[in-house]
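In the two complexes below, chain A is the common chain; its partner is chain B in one and chain C in the other.
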Partner chain A sequence: MKLAALPRADWFGPLAIVILASIVITAFDPSFLSPFNIQILLLAASVNVVVAMSQMIIIAIGQMNLAIGAIGGFAAITFAGLMQVWSFPPPLAAVCALGLGAAAGLFNGALIARTGVSAFVITLASLSIFKGADLGITRAQPFYGVPASVKAFGNATMIGPIPWLALPAAVVVIGMWRLLYRQKVGRFILAVGGNSSAAELSGVSIERTTLWAHGLSGFLAALAGIMLVGRLQLGQPSIGDDWLILSFAAPVIGGAALAGGHVSVFGTLLGVVIVAMITQALVIFRIDPFFVQVVLGLLILWTVGVNRLREVRLSGGRA
Partner chain B sequence: MTTPTLEVSGVYKSFPGVKALADVGLVLRPGAVHALLGENGAGKSTLIKIVTGVYQPDAGELQLEGRAVRFSGPRAAIAAGIGAVHQERNLIPRFSVGENIGLERLGGGWLKGVDYAALHADARKWLDVLELDIDTRLPVSELNVARRQLVEIAKALSLRSRVLLLDEPTASLTPQEAQVLFRVLRKLRSEGASLLLVSHKLEEVQEICDEVTVLRDGRNACANQPMAGLVRQDLVRLMIGRNEIIPSVSPRTREDAPTLLELRGVSTALGHAKIDLSVRKGEIVGLYGLVGAGRTELAKCVLGLHRITAGELLVEGEPRRIGSVAEAIHRHGIGYVSEDRKQEGLILAHSVLDNAGITVWRKLSGRLGLLRDGAVRARVGPIISELEVRTPSLAQTVGNLSGGNQQKVSVAKWLAAGVKILMVDEPTVGVDVKTKAYIHELLRRLAQDGAAILLISSDMPEMIALADRIVVMDGYRITGELANSRVYDPMSEAIMACIHRTAA
Partner chain C sequence: MTASIQRAPAALVRSALSNEFGLVALIAVFAAWFALATPGFASPFNLFTLGRIAAIDVMIGFSMMVVIVTGGLNLSVGAIGACSAMFFGWLSQRFGLPLVFTIPAALAMGAALGAVNGQLIVRSGLHSFIITLATMSVFFGVMVFVTRAEAFRALPPAILAFGRLRYFGYVSPLLLVSAGVGLALAALYRLTPLGREMLAAGANAAAAELSGVRVGRVFVRCHMLSGALAGVAALMAIARTGAAIPSMAGDLGQDWLLPAFLGPVLGGTLLSGGRVSVLGAFLGSALVSELTNGLLQFRVGEFWLQTYLGLMLLAAVLLDLMRRKLVARFGASR
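This part shows the complex of A and B:
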């Protein structure tokens, strides 16, 4: 890539923000870059990046998935419940929960592809179904019987300040990058998001591509739910309730086009880091953490504005 | 005779409210170029979409090399060896040229991934066939319309299909680019492929096609007739069902009337440069050009949707800056009947009253912003009956009206707003011959009553029948202005010369 083209890359702006913000925050509080603080940042970011990828794949195909939190929560209590009630070994329980997540996503995808009803409506309804099942099964009580190995996976560090949770997150990021830029399925998802009638006339099956995207989205949501069970050390039914804003914020900060057809995996990763840094900064500056939501909302509006400007310039004004 | 590659027989297709095709047939032979002709709305694109599996026929049969086939979708048609260049732009803007060309053949397994080197090498081969020097790694969004069209053709060629359908492939090409394409088509023909060419340029059809099928109002006006021996007038007669009669309106000039809309040296944010254009009171000025010439875009700039970057826009002689569509309508009396009435012109799910009244709600809403149905009715009702819109009541949903009546409603909404300047974009696309005549009559009457009309059309006979003056646009520039003599042959030649001059 030529040097002059750098500022046009999706990840350039977010990276600049990350570096600048690190310098500013460290100037106020040098402990910001301490190993302990970095570990906290990585713990939060590891789960959140999986959540963000779960939404990003749906943004790529030009739709939205409101049900990722509900799927993640349902998978989380399934994972914890199987281990507590039927004493499933953790790997088997995890496979079951991931399968459930993928199935839930395929259910959404099949309804969207077959009926042609918008993803907004379908996932709004399935959000209610999955969340209701979650609360009905648990009676809103957490499962506490999480094995020590799972708790350790969710909190222990691997090398230096890097937690074990960063491992699945890294695999997901690299896997998504490969999928979207090197794999047929990923290219088809972006093609359908970019111009679905063109993709269809080129022989791409819209139905199969939609199923893939939603199946993957459900799988990733379930993975995030399982990771959170390890981190929180219990099967909390409310897992996933606060994912929605973040799941849109990170891809959008990373340069995704909400109309579909264009997302950036590394931009989204940086988006997650930015959100984690904001959360930390508010703690350091002793601002009420509830204001995180306000800042996130403002950040979304700002980045959408910047992306829109870029879009208009890209098309030479012929938007 | 040899077995036909593709045989279409007895095909019927209806859409809600429209009978698109009735008992249509055609036969494509190996090693032949077949022309499919017809006016706009005659059913050519529908037929192509049936052959390529986009639509399923209501009745009738497709036979591929003697065997009956039924395509469940475009994938099935491609798999059976039918390739097509569709009329709509069908590329994925953010993808590279190479990936667009090879999209249906992206290989790669789970471990290997897509082989981009091979993909680009293959794409290069097909671009070379078309003598196109484009970097295959460039995103399609950075190409101009003509190059995108050529990329689509390369994409279709890369399928190496036995049957290749081309729907207006030359619509935005220069004559040189078209000649290269024809060389390629002749080569394919000599290799035994079956080609179907849809075009409104009769010269090129006569140049390259061996057989011709003409559709008129969704029916065969002729099927599989050899091109040899047919002259231009024969084709036209088949297409419109009569000789080209230019209605008895004699040429007229309006030089004494005041100029209502004038552009002086206008450049726009969309890329128009040095546009000079004026429309007088009571005058119909035609704006002719090929697809992608920038005519619709110019109208949208006048409406204030896009910025005018240089030059002057004058309304009734006064220089104006129009910042929004609302301003264009309410302050300056400029209306625009969209080419795409389904997407941009009408709200199909709403009633006739709501559609026709939408432009006057602002004026009619009383204190507190309340809007009384009665007031809108009083304003809109007479116009709807004046235009003879055939609707059971004003409460009827617009989506249930026929195409022609929908078009009248979209004109009605501007009349209700009391516009003095009306820009009409492709007003008769997709309407039947009779309605077309009505709409022509309506536009003439509006001009008679003092409106200034800018008519945007790619329909040459329509242009010559309606316009007082014809302005030709190509590549976002004005390339000529002609007084309309209303004699078809010399006029159409003069108009095409204006386009080809810049291309050459």
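This part shows the complex of A and C:
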């Protein structure tokens, strides 16, 4: 890539913001870059990046998935419930929960692809189906019987300040990058998102591609739910309730086109880091934590505005 | 003559397949079933409670419907409703202002927040989904920040008395408010140029623009109307519960989303815009409230309720697809 083309890359702006913000925040409070603080930052970012990827894959195909939080919560209580009630070993419980998440995603994908009803309505309906099942099974009470090994995985560090939770997150990021830029399915997903009729005419099965994207989205949502069980040390039914805004904020900050066909894996990763840094900065500067919501909302508005401007400029003033 | 005889059954079938007719039939069937199968459903008190909840759900549905007309949506209805309610509570409790002032002020607050949505959407040219997703977070966050998440409970007794008022032992006046707003909306879409411009702009923005409709301004008006109606729904909720509570619509106002879409979608409002059925939305929301109430009478448990509502939305869209196919077939064979 030529040096002059760098500022036009999706990840350039977010990266500049991350570096600049780190310098500014460290200047005010040197403890920002302390190992302990970095560990907290990475813990939050590890779960959130999986949440963001779960939405990003659906944005790539030009749709939206309102149900990721509900699927994540359902998978989380399944994971914790299987371990507590039927004393499943953690790996087996995790596989069951991941399978449930993928199945829930496939359910969404099949309905969207077969009926042609908008993804918004289908996932709004399935959001309440899964959330109701989650609350109905648990009666809104958490499962506390989480084995020590799972608790350790969710909180212990691997090397230096890097927590174990960063491992699945890193695998997901690299996997998504390979999928979208190196694998046929990923290229198909982007093609359908970019122009579904053109993709269909060139022999891409829209139904199969939609199923893939939603299955993967459900799988990732379940993974994030399982990671949160480890981090919170209990199977909380309310896991996933606050994912919706973040799941759109991070990909959008990373330069994703909401119409589909264009997403950036590393941009999304940086988007998650920016959100985590803002949350931390609000804590450091003792600003009301309620304000995170406001900042997240404003951040979405600002970035979609900037992305829109860039789009207009790239297309030579048209659109 | 022969033509009209041949046409009669087709017309009959089509009216029997119409959304509104189907909804009335469903409401009647379920009412009969619940009344026979549960002792509590037909009691005057339950009918009164059901009417109050249905009235609020209908208003939430209207608030979404007026934006769906444009082919967009408004995820921030719940957040706007909570903001209006808290503004009303603040004016009433802090300054002791009378209702003649506070009610219009609360509605103006809703309309102003709706105007912010509309302006952002029209000026940026972005889809209303992402804009209202962001503003829902901003509106709700600012509201919680300003109110410190504390409720206002010292409200004028008149609004509480209005919520408790009963006509004939079981009719809540809130239901009449919803019916009145519904009539006004129907008149807007059928009789006024503005209403027709809203429908035209929603059906085909480019064509409407070419025929002289100022599409941007019309869209902003739709969002202002949506905000004001969310304010009405919030005031009705205050009349029911007797307090202005920040969490009245759940975190970020998300709890209003499902009722907001259920009514209009069941009622046959096209999500792509340009077509609206006010009566359908009214009946759709009423059916949802009736089913919710009936299911609770059967003791399915509050927690599973969401699952049933989700399944209902799913069933509604699938049935609507089948209905459209049937109508198309009868239309073709005629």
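Just so it is clear, the second predicted complex is superposed on the first by the 319 of 319 C-alpha atoms of A that agree within 3 Å, B and C clash if a C-alpha of one lies under 4 Å from a C-alpha of the other, contacts with A are read in each partner's own complex, and residues count from 1 in each chain.
Going forward, contacts are C-beta pairs under 8 Å (C-beta built on N, C-alpha and C of every residue); 3 or more make two chains touch, one makes a residue touch a chain.
Given the structure is predicted, the values throughout are model-derived calculations rather than measurements.
Residue contacts after overlaying the shared chain place A:Ser205 against chain B, while chain C stays out of touching range.
In the superposition on chain A, A:Val306 makes contact with neither chain B nor chain C. Judged by the number of chain A residues each one touches, C leads among chain B and chain C.
When the two complexes are overlaid on their common chain A, residue A:Leu298 makes contact with chain C while staying clear of chain B. Look at A:His262: by the touch rule set out above, it reaches chain B but stays clear of chain C. Of the two partner chains, neither chain B nor chain C is touched by A:Cys96.
Legend: residue contacts after superposition of the two complexes on their common chain; A:Lys184 is shown touching chain B, with no touch to chain C.
Remark: chain A residues 64, 111, 115, 117-118, 120-122, 124-133, 135-136, 139-140, 241-242, 244-245, 248, 252, 258, 288, 290-298, 300-301, 304-305, 308 touch chain C in the complex. For chain A in complex with chain B, the residues that touch the partner chain are 178, 182-184, 187-188, 190-191, 194-195, 197-205, 261-262, 314-318. Those residues of chain B that touch chain A in the complex are listed here as 52, 54, 73-75, 78-79, 84, 86, 88-95, 99, 103-104, 106-108, 110, 113-114, 141, 155, 269-271, 297, 306-307. Those residues of chain C lying in contact with chain A across their complex are 73, 120, 124-127, 129-131, 133-142, 144-145, 149, 251-252, 254, 257-258, 261, 265, 271, 301, 303-311, 313-314, 317-318, 321.
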